[in-house]
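Same chain, two partners: subunit A is paired with subunit B first, then with subunit C.
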Partner chain A sequence: MTIRVAFAQLTSCWGCDQSLMDLHMRLLEVLPQLEILYWPAVVDYKLADLEALPRNSIHVGFVEGSCRTEEDVHLLNVMREKSKLLVAWGSCSCYGGVQGLANIWPLAELVERKFQRAETITDARVPDVNVPPFTEHIVPNPDRVKFDMILPGCPPTSDNIYDIVVALLTGAPFELPETTVCDQCPRKREEKHITRFKRTFEGKPDPEKCLLDQGYLCLGFATIGLCGAQCPSANSPCKGCFGPPPSVKDHGAKIISALGAIADIDPEELKKMFPDPVGSFYFTDYAASYLAKIGAKKREER
Partner chain B sequence: MADEKVIRIEPVTRLEGHGDVTIKLGKDGKVKDVQFNVTSTRFFEKFLEGRFAEEVPRIAERICGICPVPHHLASVKAVEAAWNVTPPPAAIKVRRLLINAKQLSSHGLHFFALAAPDFLAGPFAKPSKRNVVAIIKALPDVGKLALQVMQYGQDLVAAIGGKAIHPVTAVPGGLLNPFSEEKRDRFLKMMSGLKEWMAQTLDLARRVIEDYWDPVTKLAVVPTYYVGTHDKGALEIYDGKIRVMDPEGKIVADFKPKDYRKYFGEYVPDHSYATHIYYKPVGYPDGTWRANTLARCNVADKMKTPLAQEALEEMRERLGRPIHATFAYHWARVIEMIQAMEEIDLLLKDPDIVSTDVKLSDVEPKRGDGVGCVEAPRGTLIHHYWTDERGIVTRVNLIVGTNNNISGIEKSLFEAARQIFEQKAHESLKLPEPMIK
Partner chain C sequence: MTKSRRRGESFEPRIVAFCCNWCSYAGADLAGTSRMQMPPNVRIIRVNCTGRVDPLFILEALYQGADGVLISGCHPGDCHYTSGNIKMRARYALLQNLLEQAGIDPRRVHLQWASAAEGDVFAEGVSMMVERIKKIGPNPMREGE
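Here is the complex of A and B:
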């Protein structure tokens, strides 16, 4: 049987689409089973075509990206209305994504930096014709509308996408694992004696040993095991771009509390080593953190 | 007389990013205005502030999911320039391999998935027929060719960078991950296949150009300035000098990327969140330039590699230099894919490519600023960072490849709209029978 699908892109980088395209030869297996109703990255249907579809007429709607503009919010609402089953596709959609880091500042400061103060700007102006207004903050999509499934990752791997599509086609269950990147990582772990955290330009990481044991901030221990430990397998620390396992509610808070326990470092010293806790511990999910939500609330009250 | 009319194309499809087109027709049926409305932005210029500079190559690359590699590399080069660091020579060779692998797969995706549906199904085909999925179904040989070329590039990016999308290997002072002999051998073994696929791709491009000669040479032919990188006159994508060519074909500037602020201006239109980057000495809009494949082929005297050089000569014989035909961008794209293939071949055969000496271990952060420049598939890409003494980013300025083209895109769209709405060009241009019916 074929399933009727739609892929919508809110503000994002196209990486999730690229990851789907990267199925390459496996696309030949999957594509004949999909009836594509909307996918602007690849197919020429317009927004009006999507808006004209009857309610619940899309079997599975995939939403990538997050709402940076009111147009994104509209598209998200349309996708919810038209889709029987809605999937948050990628970390932007699930958690707000890397652009959630912008929540540190009020919107006015972001706009000013980009359109009025950037070094090469020759005539400062804030565009306001035929462009939608910006949202005040990045909010994870599941806080705006109900989702039936989430598939995190920046981007989700091609294998992840293949698995979810096959599950949807066959009706098999698709559950996110409670395991972590460490469970998938081939490196050797020993007892931890971390007395100082190294930055990645320092030294040369041993390719066999656990990166965290070597003092590099590898966030595999707090990050969902869905990616196949791609980064540590390539001698590079995990930055947590897939977010936490489902039972963890706040990724960064989990990391910070665990680091206190793992490292033989005085809390004040530890704080000094990480002058950018938001960037270091909430790479793609700051918008989903308690910290960001409190900040947004305070700003609204002011 | 008819009423004034506004045509909105919402959204522009087969595009990386978010854009609409607005065309305004007057009562006399004349085209009054054409806007390319880029409808979102994410403010990387601001939220990169405060981050550890060595982490920024892994954050800034999220600007683009099709071309993360050029961002990853421009970013790491900017940090290295700010900290006065030179990575080991083998690391630079592996970075060159990485950017060429990405050039191949990005151009492959653009040519086959984003552009080819227009040629193979024809401009008047239904949306359900005019897309890469339909090509794969209707022309399985072309579909397979497309998938193989894209896969070679993406798999090579993943093998070097750890991930095909948003790679993780580049750090100030080199690379975290050396390239292994086992991986090198795997891609060398597939090289004869890639050469064959690229020969077929060039044949397909030739056929399409022949078939669409009328629109290629008549529709949206717009003279602009051109900007691109070269190394001693040869087309270069990782490290070189930036050249600017005027609409008559004269080189009017040739400079080191660190001096970019003298030449690159950013005009902020009222109707787009993407700025229009232009040739600053001439002003806006007279200094409208274009970047990307055709621009690079215009500003360069020659290609770096022999097969690509043959292909460039063939294009110049037919269309001259500079070429202003917007559709020739696709031809130039295939020429650049051939150069990428040849550079990949040379680099894979270089013994240094599997060297483990790819990372310095004594890099020190410092206060300063640095410019990192590469050619992204869609144009000259510049990252400029300021860091404090702890190596934390305090300020960021970005010249994103695509934005070099937006004023030129509007100019092309205006010209095409004028030809279509005022002169009914779509009725008179000679179009072939589509390959997909």
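Here is the complex of A and C:
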């Protein structure tokens, strides 16, 4: 039996598609079993083709990206209507993504900054012809429609995607792990006792020792272990782009909790070391945080 | 929790207070048995140590509509578990930064020290907290109750 699939892209970088393409020869194992109904990234289908499909006619729908425009919201709703099983594919889709960081500011301010005050602009105007309106703030897709499965990652690795597709084809169970990046990281850990946090460009990290032990903000401890510790293995601290393990409700709160326990630093000094806590602690999942929800409510009221 | 009053009427804040078992909870008890006066806006939750207060509890309290969160523990150096309050202090510092950047008044969350013998300090802390929150106004999450 062929599986009827559709891939929809909302506001995103389409990096998840790239990651899927990186399966290379392994794609050949999977492709004959898939019937592609909609996938603008590789096949020339239009939105009207998707809209014309009967209800629940797609076996598995993959949604990538978050809803920054009303068009995205429409596409998401259509995908939900046409798909039996809907998969949130990538951190943008699961948690709002990097775009979610914009939730700190009201929409009017964002539009002004981007279209009227950007340094390179000479003829400032806000585009209003043939473009869909923006959404007020980024809301994670699972808060808009029901999803049957989520696969976080920025992007999910080719292996992650292969695993999920194979699981869907064979009916094997697929659960997100409760383990963290630290569990996959090959570096040596010692007793943590940090007296100063360093920026990534400061000094030269020892390739053997735990990056956090060395004072670099590596978020592996609070980030779901799906990526195979790619960044720490390449001597670069984890930015937490895969989001937290399933049981953690708020990524940033967990990070602050852990940092408070290991930082042997004067509180005022500590504050100065993290001038951008939202960016540092909620890289791809601010839209899914409690604070973003409170902030959205606050703006609604005004 | 009891229903809050609407805007326009006098605003009575609802405050969640996390008190450590060994100092501030006993301090709050002392304030009570000594009949010290303080506003009745605080709901106390006893925790073993302020080090047990995950920042998640604080954010979730705000999300559920608490107008303020007070964390009260032992003075630095007096922690029953050696350093729980020091950890809370570091978390509090980071949380203040985070709240400010997220556009939520960081004064909604306050950390204070009150020992078991300092019922007066606890009562004073509560009074000041209530006053502060009254000035800031209700938590936006409370609208539509």
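Just so it is clear, the second predicted complex is superposed on the first by the 299 of 302 C-alpha atoms of A that agree within 3 Å, B and C clash if a C-alpha of one lies under 4 Å from a C-alpha of the other, contacts with A are read in each partner's own complex, and residues count from 1 in each chain.
The definition used in the following text is that a residue touches a chain if its C-beta (ideal position, glycine included) is under 8 Å from a C-beta of that chain, and two chains touch if they have at least 3 such contacts.
What you are looking at is a predicted structure, and each value in this text was computed from that prediction instead of being measured.
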{"item": "First, second, both or neither for A:V129, with subunit B first and subunit C second", "value": "first"}
{"item": "Which of subunit B and subunit C A:A108 touches, first, second, both or neither", "value": "neither"}
{"item": "Which of subunit B and subunit C A:P205 touches, first, second, both or neither", "value": "first"}
{"item": "Residues of subunit A touched, compared between subunit B and subunit C (which is higher)", "value": "B"}
{"item": "First (subunit B), second (subunit C), both or neither touched by A:K271", "value": "second"}
{"item": "Partner chain in contact with A:Y45 - subunit B first, subunit C second, else both or neither", "value": "first"}
{"item": "Subunit A residues contacted in one complex by subunit B, in the other by subunit C", "value": "104, 275-276, 278"}
{"item": "Residues on subunit A engaged by subunit B in the complex (per definition of touch)", "value": "9, 11-19, 21-22, 24-25, 27-28, 31-32, 36, 40-49, 68-69, 71-72, 97-99, 101-102, 104-105, 109-111, 113-115, 118-132, 154-155, 158, 199-205, 230-231, 233-236, 239, 241, 275-276, 278-280, 283"}
{"item": "Touching residues (chain side subunit C, partner subunit A) in the complex", "value": "51, 54-56, 58-60, 62-63, 87-99, 101-104, 139-141, 143"}
{"item": "Interfacial residue positions of subunit B with respect to subunit A in the complex", "value": "9-11, 13-18, 20, 22, 35, 37-43, 45-47, 50-52, 54-55, 58-59, 62-66, 68, 109, 113, 127-128, 130-133, 136-137, 143, 147-148, 150-151, 154, 161-166, 168-169, 171-173, 176-177, 260-261, 264-273, 275, 277, 280, 284, 359-361, 363, 365, 384, 390-392, 397-399"}
{"item": "Subunit A residues within the subunit C interface of the complex", "value": "104, 249-250, 252-254, 256-257, 259-261, 263, 265, 267-268, 270-271, 274-278, 281, 289-295, 297-298, 300-301"}
